[in-house]
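The next block holds one structure in the form of structure tokens; read it before the comments.
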Amino acid sequence: MEGNIKLIRDDGLRLDGRANNEMRPIKIQTGVVQRADGSAFIEWGANKIIVAVYVREAYPKHAQNIDRAIVKARYNMSGYSVEERKRPGPDRRTMEISKVVSEALSSAIVLEKLPRAEVDVFIQVLEADAGTRIASLTASSVAVADAGVPMRDLVVGCTAGKADGKVVLDLSKDEDNFGQADIPMAILPRTGKVVLLQLDGDVTEEEFNEATSMMMEAMPRISELQKNALMDKYSLEDGE
Amino acid sequence: MVSKMPMDASAVLSEIRKGFILESIKTGKRLDGRSLDDYREIKITENFVPKAAGSAMVEIGKTKVVAGIKVEEGDPFEDSPDSGVMALNIELLPMAFPTFESGPPSEQAIEYSRVVDRGIRESKMVDTSKLVIESGKRVWMIFVDIDVLNYDGNIIDAATLAAVTALKNTVVPASKIGQKDYALPINATPVSITMAKIGDELVCDPDLEEEQVSNGRITVTISEDHNIHAMQKGDIGEFSLDEIRKAIKTSSNIGNKLRETYLR
Amino acid sequence: MVSKMPMDASAVLSEIRKGFILESIKTGKRLDGRSLDDYREIKITENFVPKAAGSAMVEIGKTKVVAGIKVEEGDPFEDSPDSGVMALNIELLPMAFPTFESGPPSEQAIEYSRVVDRGIRESKMVDTSKLVIESGKRVWMIFVDIDVLNYDGNIIDAATLAAVTALKNTVVPASKIGQKDYALPINATPVSITMAKIGDELVCDPDLEEEQVSNGRITVTISEDHNIHAMQKGDIGEFSLDEIRKAIKTSSNIGNKLRETYLR
Amino acid sequence: MEGNIKLIRDDGLRLDGRANNEMRPIKIQTGVVQRADGSAFIEWGANKIIVAVYVREAYPKHAQNIDRAIVKARYNMSGYSVEERKRPGPDRRTMEISKVVSEALSSAIVLEKLPRAEVDVFIQVLEADAGTRIASLTASSVAVADAGVPMRDLVVGCTAGKADGKVVLDLSKDEDNFGQADIPMAILPRTGKVVLLQLDGDVTEEEFNEATSMMMEAMPRISELQKNALMDKYSLEDGE
Amino acid sequence: MEGNIKLIRDDGLRLDGRANNEMRPIKIQTGVVQRADGSAFIEWGANKIIVAVYVREAYPKHAQNIDRAIVKARYNMSGYSVEERKRPGPDRRTMEISKVVSEALSSAIVLEKLPRAEVDVFIQVLEADAGTRIASLTASSVAVADAGVPMRDLVVGCTAGKADGKVVLDLSKDEDNFGQADIPMAILPRTGKVVLLQLDGDVTEEEFNEATSMMMEAMPRISELQKNALMDKYSLEDGE
Amino acid sequence: MVSKMPMDASAVLSEIRKGFILESIKTGKRLDGRSLDDYREIKITENFVPKAAGSAMVEIGKTKVVAGIKVEEGDPFEDSPDSGVMALNIELLPMAFPTFESGPPSEQAIEYSRVVDRGIRESKMVDTSKLVIESGKRVWMIFVDIDVLNYDGNIIDAATLAAVTALKNTVVPASKIGQKDYALPINATPVSITMAKIGDELVCDPDLEEEQVSNGRITVTISEDHNIHAMQKGDIGEFSLDEIRKAIKTSSNIGNKLRETYLR
């Protein structure tokens, strides 16, 4: 996180022309991995992420929870998804993301409704352009719902951060690389409760409050896209 | 990692369903209406991953793969100082099928990768002599990564199509080293044709159910010179020499059609 | 390696005991007599491993960790030629808890490592610009290894305290390359404060039993400039924005006290 | 596969003096690994390969096939077997060979006669000199028979290829390295059915047909050596 | 093991001032890992080693011995414990040490008293300064006793070696690096039976005999320290 | 990989058979007619793998191992710039015994490798000072790979014999770097003697059944100077000092005989 690169233009807009509190465009689609119990594809700016969900009896037996489901998200990057070719397999960063995404989803799924089950959430990042963990979680939540897994709410996520000293919403790749802070957050929109929160960088208490408020405002719009994706599928299915 | 619910992929197919498939193929028609030589619908999305040096999503029926290319500087092999390097890898992602697992590639993934790689390499599709930055010291390395997102049979042909399409739209980022970017130099357009032996018939582009009832698979990779550059008999089963020779003829015909339709 | 007696750590806590903990916390007091914001007794042994470049043993209650530093010559990263390198790793040793296993680090160990690492890195505690031997060619690499010897909750704060203490007493062995040894240049003193959500309360420095009944954990790392440098919500559970803002205030207060008491 | 090296002499013979359709000398022996249920040692040109077979209940239980045996060949190279020291353990090439050899053997073994069993075929290449996969398979088939595993036929293998533009039988190391194509093939000699076939290089349909015909002609001679190896052992055992 | 460095001073003493048959100072303490069933901390010269013992049912079932316990010691070094940073995880040297320590402890534990059990002995070397395997074993034996595991005797260990051509007791780091031989040995003091013995270097039969006699003389003193450590704990516990 | 049929090697031996072995040894004779100090028949095939730089197959009874040597250019260790490098590795191939597994070497394989390695290294058999190509920059690396093909006890002695024989017929391929090939410079001929403690006796060259009834193993490696270069007590069991001293005497006698008979 270095601050010596100009990230806000003279007209007050960001390098990609967005206002401080403006999101990149988002598209969500379900039913993209036919073999899976549920799936979703999200395009968030230039991010392209596909998620498939399988619900099954946990194996081996002694790994089962007799009274609730286990949720295992696995965040994985394609070799061609980033600037320098990524070697296959998990690394420390992807393992941490898998953990916080698993925990956020677990906080939303009604785990007691699926005793002994494992909900496997396979996340494949085909193209990465900042904010992949939040985009992954947002898509995963749709894929889990698409699989018919009972949820208290659809998890919705977003990032804010600090670039050129200003609080901005939904960091771009440049803002992520050269800004002063990155704050991914995810909530259950019905209650506003936070199920994922990370921060790294340098922010004051006031900046943190500004960033979280900005994200809270953006969440309903993303939440709407999630619901539409699920409805599209079912209305299409009805129409067939 | 062990699979969640240990199961033999073939176990999911009921004996009755197997019977239907076999009976139908005897009559020269397949359950989905295809004739024995027909491919399922093929959909190709070029440049699916704009950040990659080249890319393509290929769908054959419900089988879905993405190939992406990265071109990076690297060292040549000691025994070929004047040649760039290509490495190709297929990942059978666990999202694509219930028994596919995370972790190091399975024998199946490795076999598929190597068959696709041989077809491309031996047809001399990529002119690696034009990927040298400094003889013996520095060359371009072409990483071809192919992810299988949904598995419904015939990965090899889908992966070959995706890799060939992606290579054809690949740009070498020579501007990084102060030269001009240039299109990856391409000499040939290989196509692989995979057939399954079902009963006494050879069936092109088997879907998953057909793979599950088949006794052996055969792949032939042919380029526009009509020469054979790779062959692979796979799975448990056997072929007569006549069947193999017939497979070559079929491949030659169908390969040409696929090339003209999808790889211009 | 599989664990010997497969068990869920939370399973060891009886429902009755859980009830006691929850009831007690509702009254603002914890079973061991602490108030909600109190830390357990903290004991720091500096230079515990004299052969290391820097080291400390830290005990918070019965939680016991050792941090040791090695400083070695190495190559800088390509994109930061004028910066030394720091790598931090927490080992959850199998001796520390029955379900901790040998082998590659678990997700838990990796998460803890990365949270501690971010707090130190983003506060710019270590002035890596002063660790360059030859620009773009040779720099000092700081290896921070933290071993957890006994686990009784709140590893993150113990590990941060141990790493920060050890870094503060670290000497760069520049005499090895014909220069003078010098103290590792330090710009800030980050402190991490971890709270568990138990019932409706936020509880500082949770011990193992408290972790087992909690619904979510939150860590805030703050340096003497009062700015926040790392935050992490962990485990299954949820927080309101108000709770998070309260956690930041608490961290700011307690962080200062810890810094003044233990990290002068 | 490069073609710029002279592989056919002016007298029309190959560099090692063989005619186009001439095999290298082959020796096969059984009973070489006393601990195993069956074993074989093959010398094929300068190739030296030892194979041992163990037949046992597949483990763990859920890996068993209730109605037939599983065949697992593992092709492994000694550190000193090749020009550059080979690091221990499987690589992508050896894993592919293990798979095609396993499948070829499976096509010959009467799997239904050994429900729940695993037939482990351990192949150790002590010295490698082109054509090891086919030599391994040919020896494995003898070792499997030596272990008393019921077989429909002994698998027999051979390679052909293209060197200096001519179709030749049983490629030498030089022909393998500098020729234009390599075609390993294995059959069940009773029916002539092909159970292993690979090809890489550049051949016309006619050349392929010539190569396969050449191999078909050579197979009976190799098959004879397999049978003799098995007979030798039993006649020796009788004679003892 | 090179001999060209002066390791014995002109006054006949060693570089660190010790006589030939003089040990470095040793301190042993128990009860240092509260979570474990037993534990010990040893400081032996500049060596600092902590050991924790867990006794549990061996898992999985088929790994159990129905009539006796399995003892698994795992010797592990901290990254900062040695001159050059040690990468985490076992290597060939640590695996061999784990094996010989496991076997020495197994020779002392009454294995039949704990059928189906596994005694896990986790050894962590925090600071290493020559003789760690013997110090580890000596501490492990105390930790195993502290865990209440029935033992025939407390294993006690020591090293001798050859430095500057002379037989010396309890090698220092320099003597280990630049001496001519290293002989770690461990015994059951009641019977004097040897349960661990290794040697590498260059010694005559006479030198070997001198070294072992020297070690045999030192053992009772170390044995005393072990017993005191165990007694301290229990007398403290009584006193509380 | 887990073993197919989990079994304790010692479990295969019946109690009756164990009794026979023990009774027989009490009388000074072993079941196969050998006296306590006798080795089984030893068969050595030199240059078994002509393509290797050196090689040997060694059979001791039914125990069968092959050692092969590769000599390659490489970098010296930083702390010994004027010394070639030797690395020795024993593979307990899964073909050799039902419980030997594929994958990374077991503790058993590593212990055996290290004992054999120490005997050769500490006797200074290979004159590594004559393996320097360019001081501090380039040296010859000697890879000694030993494969166990059939296991019937006493791997250590078979492996030492095979490695020593192979090293003695090894040629350094110096012609690769424009010099003359030369025989690997040899200074000593170490021999290892392994004894098992069975009942109250020490028994040389134990076969597998004898290993299974033994209480401890001891190996002594001695070279022609009669000095001891490696010793290793292995397996669960105990020896008196007298037994160990007797083992040294026995090794000295038998070692000389083996050296003269097999390693001239």
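Observations, loosely collected:
First chain written, first letter: the chains are A, B, C, D, E and F, and each begins at residue 1.
We take it that contacts are C-beta pairs under 8 Å (C-beta built on N, C-alpha and C of every residue); 3 or more make two chains touch, one makes a residue touch a chain.
All values reported here derive from a predicted model rather than from experimental measurement.
Repeating the A-C interface, with the same residue numbers in over half of the contact pairs, is the pair B-D out of D-F, B-D or A-B.
Distances between chain centres, each the mean of the C-alpha atoms, put F farthest from subunit A. Each chain gets a centre from the mean of its Cα atoms; for subunit C and subunit D, those two points are 58 Å apart.
Chain centres here are Cα averages; for subunit E and subunit F they lie 26 Å apart. A separation of 51 Å divides the Cα centre of subunit A from that of subunit E.
Rounded to a whole number, the gap between the C-alpha centres of subunit B and subunit F is 48 angstrom.
Residues of subunit D found to touch two or more other chains are absent.
Contacts with at least two other chains are made by residues 6, 105 of subunit F.
A ring topology is adopted by the chain contact network, closed into one cycle in which each chain touches exactly two others.
Read around the assembly ring beginning with subunit A and moving next to subunit C, the chains appear as A, C, E, F, D, B. Residue ranges of subunit E in contact with subunit C, taken from their complex: 32-36, 39, 46, 48, 50-52, 54, 56-60, 74, 76, 78-85, 88-90, 118, 120, 122, 124, 126-129. On the side of subunit D, the complex with subunit B involves touching residues 1, 62-63, 65, 92-93, 95-96, 98-100, 103, 106-107, 183, 188, 191-205, 208-209, 212, 216. For subunit F in complex with subunit D, the residues that touch the partner chain are 2-6, 48-53, 55, 62, 64, 66, 68-70, 72, 89, 91, 93-98, 102-105, 143, 145, 147, 149-152. Of all residues in subunit F, only 6, 8, 105, 107-108, 110-111, 113-114, 118, 121-123, 216, 218, 226-241, 244-245, 248-249, 252 touch subunit E in the complex they form.
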